[in-house]
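Remarks on the structure that follows.
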Amino acid sequence: MSGSEAPPSLGVGLLGSAFMGRAHSRALALLPTLEDRPAALPRLRAICGRDADRLAAMQRRYGWERGVPDWRELVADPEVQLFVDAAPNALHAEPSIAAAQAGKHVLCEKPLGRDAAEARAMWEAAEAAGVVHMCAFNYRFFPAVRLARQMVEAGAIGRVHQFRSRFLLASGATDTDESAWRLRRESAGSGVVGDLLAHHVDLARYLVGELASVSAATRTWAAQRSGVAVDVEDAAVCVVEFDGGAIGTLEAARMAPGHVLDSIVEIDGASGSLRFDVQRLNELTVSDAAGVRTINVTEADHPYIELWWPRGQGIGWGDSFVHEQRHFLGAAAGAWPVAPHGATFLDGLRCAEVCDAILAAAASGARERIGHGPKEPEA
Amino acid sequence: MSGSEAPPSLGVGLLGSAFMGRAHSRALALLPTLEDRPAALPRLRAICGRDADRLAAMQRRYGWERGVPDWRELVADPEVQLFVDAAPNALHAEPSIAAAQAGKHVLCEKPLGRDAAEARAMWEAAEAAGVVHMCAFNYRFFPAVRLARQMVEAGAIGRVHQFRSRFLLASGATDTDESAWRLRRESAGSGVVGDLLAHHVDLARYLVGELASVSAATRTWAAQRSGVAVDVEDAAVCVVEFDGGAIGTLEAARMAPGHVLDSIVEIDGASGSLRFDVQRLNELTVSDAAGVRTINVTEADHPYIELWWPRGQGIGWGDSFVHEQRHFLGAAAGAWPVAPHGATFLDGLRCAEVCDAILAAAASGARERIGHGPKEPEA
Amino acid sequence: MSGSEAPPSLGVGLLGSAFMGRAHSRALALLPTLEDRPAALPRLRAICGRDADRLAAMQRRYGWERGVPDWRELVADPEVQLFVDAAPNALHAEPSIAAAQAGKHVLCEKPLGRDAAEARAMWEAAEAAGVVHMCAFNYRFFPAVRLARQMVEAGAIGRVHQFRSRFLLASGATDTDESAWRLRRESAGSGVVGDLLAHHVDLARYLVGELASVSAATRTWAAQRSGVAVDVEDAAVCVVEFDGGAIGTLEAARMAPGHVLDSIVEIDGASGSLRFDVQRLNELTVSDAAGVRTINVTEADHPYIELWWPRGQGIGWGDSFVHEQRHFLGAAAGAWPVAPHGATFLDGLRCAEVCDAILAAAASGARERIGHGPKEPEA
Amino acid sequence: MSGSEAPPSLGVGLLGSAFMGRAHSRALALLPTLEDRPAALPRLRAICGRDADRLAAMQRRYGWERGVPDWRELVADPEVQLFVDAAPNALHAEPSIAAAQAGKHVLCEKPLGRDAAEARAMWEAAEAAGVVHMCAFNYRFFPAVRLARQMVEAGAIGRVHQFRSRFLLASGATDTDESAWRLRRESAGSGVVGDLLAHHVDLARYLVGELASVSAATRTWAAQRSGVAVDVEDAAVCVVEFDGGAIGTLEAARMAPGHVLDSIVEIDGASGSLRFDVQRLNELTVSDAAGVRTINVTEADHPYIELWWPRGQGIGWGDSFVHEQRHFLGAAAGAWPVAPHGATFLDGLRCAEVCDAILAAAASGARERIGHGPKEPEA
């Protein structure tokens, strides 16, 4: 873009008006403030949700032009060029596929589908439609995670030996702070595996590489709560092997009151280690023979920091969505590809294959191989 | 406000287009997204700065309607009801006083003036004009700081015995990351005392009470840099006494490369202690006989959190400015008073009196008493 | 013991003059200094090792009366009442069994045998001989671990949901700091599983309960080093299920240069969590809805602290051996039983069964059930 | 010493059978276990205390040959070559001077005297007697502190700009855990200044250099407790200037229940920072432009570690006394000088001059200059 050109304005249709709808709305509303010369800017064309009062409030707060009760209106709207699916999991596949088939670029929240079959259908439809597709793994957009990727690629920790992650949540311990739909397989696909652990599966793939096998155990701690019969897992623990030879553990839990939101990823290599803790999201810990070093990832040359403040003045959790939406809009405008730093629907599918294998392994007691499907959709 | 009424829209004029201008612009741009029923909303009427290209970019990014080269245009603009002074220190007194005298509510960056005399003139003018006045000590608007205040008031740590703070900055160690105006007394008033330590003086007053005396030493480490003859202090260390009997230390430094931005406040009481570290701004540490406890200040009932995300998903440094601007607009709209949770110009003056006393004590070697002036402007 | 009686003096024979031999020698030498009224005191009767100079030095340093080259001399010595086996793993079963059969009480380093079969033989022999037997899991003797046990038993964290541990070591990365015998199955039994992970298996059993199943993966990173063909694992990752329903992960690694000695155990319960980190061995972290609380385990009423200093002045790693030897001598003198706070040979056997299952699971890819054998030796 | 020679055995007389008496007794009892070829070894000749039962117990526990009620017996005993004064402060000057005059080498607990006048008399007497003299500032003997000294000397952090320390103690908050003698000026000399802050004054001198001036404030929080009228300070805060140009803060407090034992020293230099925290005494934190790095000070080439365990297995607080006694015995045996790594009586005097100046500054409100007296005793 030359100095005299305005960036393209892309009409966005958002499905979802709860927590994730707010996170994406805020990100879109913030995008114009980020930089002098953005690759593209959003027009907040329409938001879809069931509660009219809620929609009206979202319109006032974020500037959505329209509020509609049926996502088909978003798909039908020619002013919508970008479709953002931030609805509960059961509303990922059908709307996202319809949007893609209508020629809209699609950003869909994780997990991509409720299982790998849904995820595969979504990926194949998006590929067939030739649209830009992205799965909203926002962890990739924390500056410290992006710096970790740079360091791994640069060989800073040597060949990766071991991966370790946990995602533990206090919520769910009481009946008050969790949407009931998350407790049913039909609506959620899975419990903590798709909701929490999927984030770390994606980071494992982003930072280490493809997973080869998984062994697992899962538990449901309270079979009846929030008025529903819980049929998804509250806790999962996994052992994994990577294609490249590394091994690791992943685990996730709700109802862990000692952990407000304890989401940590660690990678041990032949010459050093990395650690990212979302509670201290502006830090990256790098260890080697010289000691354990904490980097404040707010220096001018750190990823994304040119969009923010002078060193030391960190960003918040919600700002990962800002980076994510910026990445999506830029990709839609042709400024850069979604991959490798954004997750495509193929990444969403690969993650879903791992999640399915985790549940299968927990049920079978066997080490389940993760069969990476084709990289091109089947004809 | 009833459900059917729109919140008042208040025209804002902003002086300053550098770091602080950006922080306030972003906060204003974000304000509408915060809540369903805001007390007031900003209209970004006009921004003033010297660089036309910069102004044009700020208009594009944040939606400022006008960009003007002379702050007098802001003061003269009848559409400007709120004046935000985010300019370098030498441009605090004259523009803020003029704006107040023109009937505009004024939010001025810290330090309020370059010294207590300027700060007093500003306070007296604002009081005489009857406008809402606020000094932009943004630390008061971190949820953890506000929670600390609640806990001190509730007696959670008992009578305060000791206060301790540090504000150490890596910047200034090289010539690249500091505005030259900060290095001269004429333009800045002081060095780290007004720039950094003032934040903690304000927190000391907010959390403990008025200071009674100070002893201090200061240093300038490199007399010539960034092309100017540095005549302000690069480092300051202080011992203080409070009116209520507590004692404490405060210190600040630039050119401390081991400290990216190390800003920590600690309060020891007769039954426990509090600690706030801006690098971990979503945490408050509370210690007592039962151990050292870190609270993740993101629970639904914590200050400001109803504006944000579910527990565990913390905010960023810049979001303190969002809370601050929200507080200012609400005060301007009559929804709440600036004090006690916002700092008024009187708070800015009291802080300036302490800062002046620190410099005087460093020069004299004596314990300087801090004579709190009148609480009402002199006739 | 009344005030006028001297505590019994028990003759000790020690097999091993390397690292573990030193740790136990120092502990024994320190025992008399610990308390005014010990249950028993050691007489350092004889130490056995192959290097005569080394033995002579050990005699000088710790006061061993005799140095002998063959452990059978210890067994034959009627002045030896307590046999401490701190030799490499291949020298656990035969000497310990011989000592037990000679009527000596036995403390044997972990892992008890090179596999469960050896461990079972040791346990059965010791039971048959009717001697006091103890396996040297020194982690049980850190005050913070003992406090954790007290808290779990008192219900402080509710029903246990999840267990998590890691034991990562920088050593082994080079060829310099590891005894070659640790690299061969014949001499060591296993690699990190018996050497490191066994400590955490024992803590899992001590703090949570019996394990029911395990899935695992292992790796050997460098097949040839320290002049030997390495045929044991350098890394292991495990998923476990407990009899009581809890699930968990355990992992261990050598050659992890980002981790000097990173040994951490965490337990999540229905109402809170505990964390012990051997690098901060005087601390126990307790988390619940009120936050993350670090307890300095040096208060007068904390376990073992009556033997040490006023609060805040912590002990060192080697001091766990002091508590361990004190426990062993007291048990030998009839002052208290080895169980539950010390590990018996049965505990050593149970741990070995888990370690064997880990290796089996790594090989089979299946979830291996841990069949707890009988609690009484078979006739 | 050749392999065939035994190290010299030096008879020790210890004055003091309370906390400090135990710490020194344990250290002496441990000395033989430390190394194969010690420079000298102690003979625990006699201990002096007022309570006969306590003395008898100390004899049993540590192996003291004699227990005597009057320190003059230690001075008169020709078998005592080393005099260790671990008595309350009022019993430092007279016994230590008498011992020196009797030709015994003297190690005296800190603070050396109750004030600089006493300390000067002690130093002059020891110098006049030509004996080895050492003041028991045990902090110098933590491996991490010694490493810090090495790093400062090697220029690792550049020219020192700022020093910062705190020594905060929960004890004293109740009446139970403090000896009443510590609460009276006559018996203690001062309160937290001599008891706690003196440690950090010594470290400031050891790590940075001589202090030039001090400003201070002090407080006594409860004038009547433990049955006595408290006439010493419970809290002190200081600003200091160093001869070399650095500035700093020091502070100390009792009755700070949020701080079990919070003793931290930080040094900021032109190119980096160091931090030592006695709660994590096996760690040294080194910060610079590359981040905040924690070194586990247990590597084979770190100070004192050849006396201990393989890496990662840290020592305890009491082990600093082991290093201290080893240093004293070696100095007495002529193996090395007390200075610079041990504190001499001259260091004790210099520290006392600073402590006196702190109390004077607190009283006067003025910046008090610290007049370093002569380096040679006056004739």
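So that you can tell them apart, the chains are marked A, B, C and D in the order they are listed, and the count of residues begins at 1 in each.
Throughout what follows, contacts are C-beta pairs under 8 Å (C-beta built on N, C-alpha and C of every residue); 3 or more make two chains touch, one makes a residue touch a chain.
Only a predicted model underlies this, so the values are computations on that prediction, with no experimental measurement involved.
Between subunit B and subunit D, the least number of touching-chain steps is 1. Taking each chain's centre as the mean of its C-alpha atoms, the one that lies farthest from the centre of subunit D is A.
Inter-chain spacing, taken between the CA centroids of subunit C and subunit D, is 36 Å. Separation between the centroids of subunit A and subunit D, computed from CA atoms only, is 55 Å. For subunit B, the set of residues that touch two or more other chains comprises 170, 286, 292, 296. Within the complex formed with subunit D, the subunit A residues making contact are 286, 290-296.
Considering their complex, residues 157, 161-162, 164, 166, 168, 170, 173, 213, 215-219, 221, 235, 237-241, 245, 247-249, 251, 253, 255-259, 268-274, 286-289, 292, 361, 365-367 of subunit A touch subunit C.
Across the complex, subunit B is touched by residues 19, 23, 25-26, 29-30, 32-36, 57, 60-63, 169-171, 177, 260-261, 279-283, 296, 298-300, 308-319 of subunit A.
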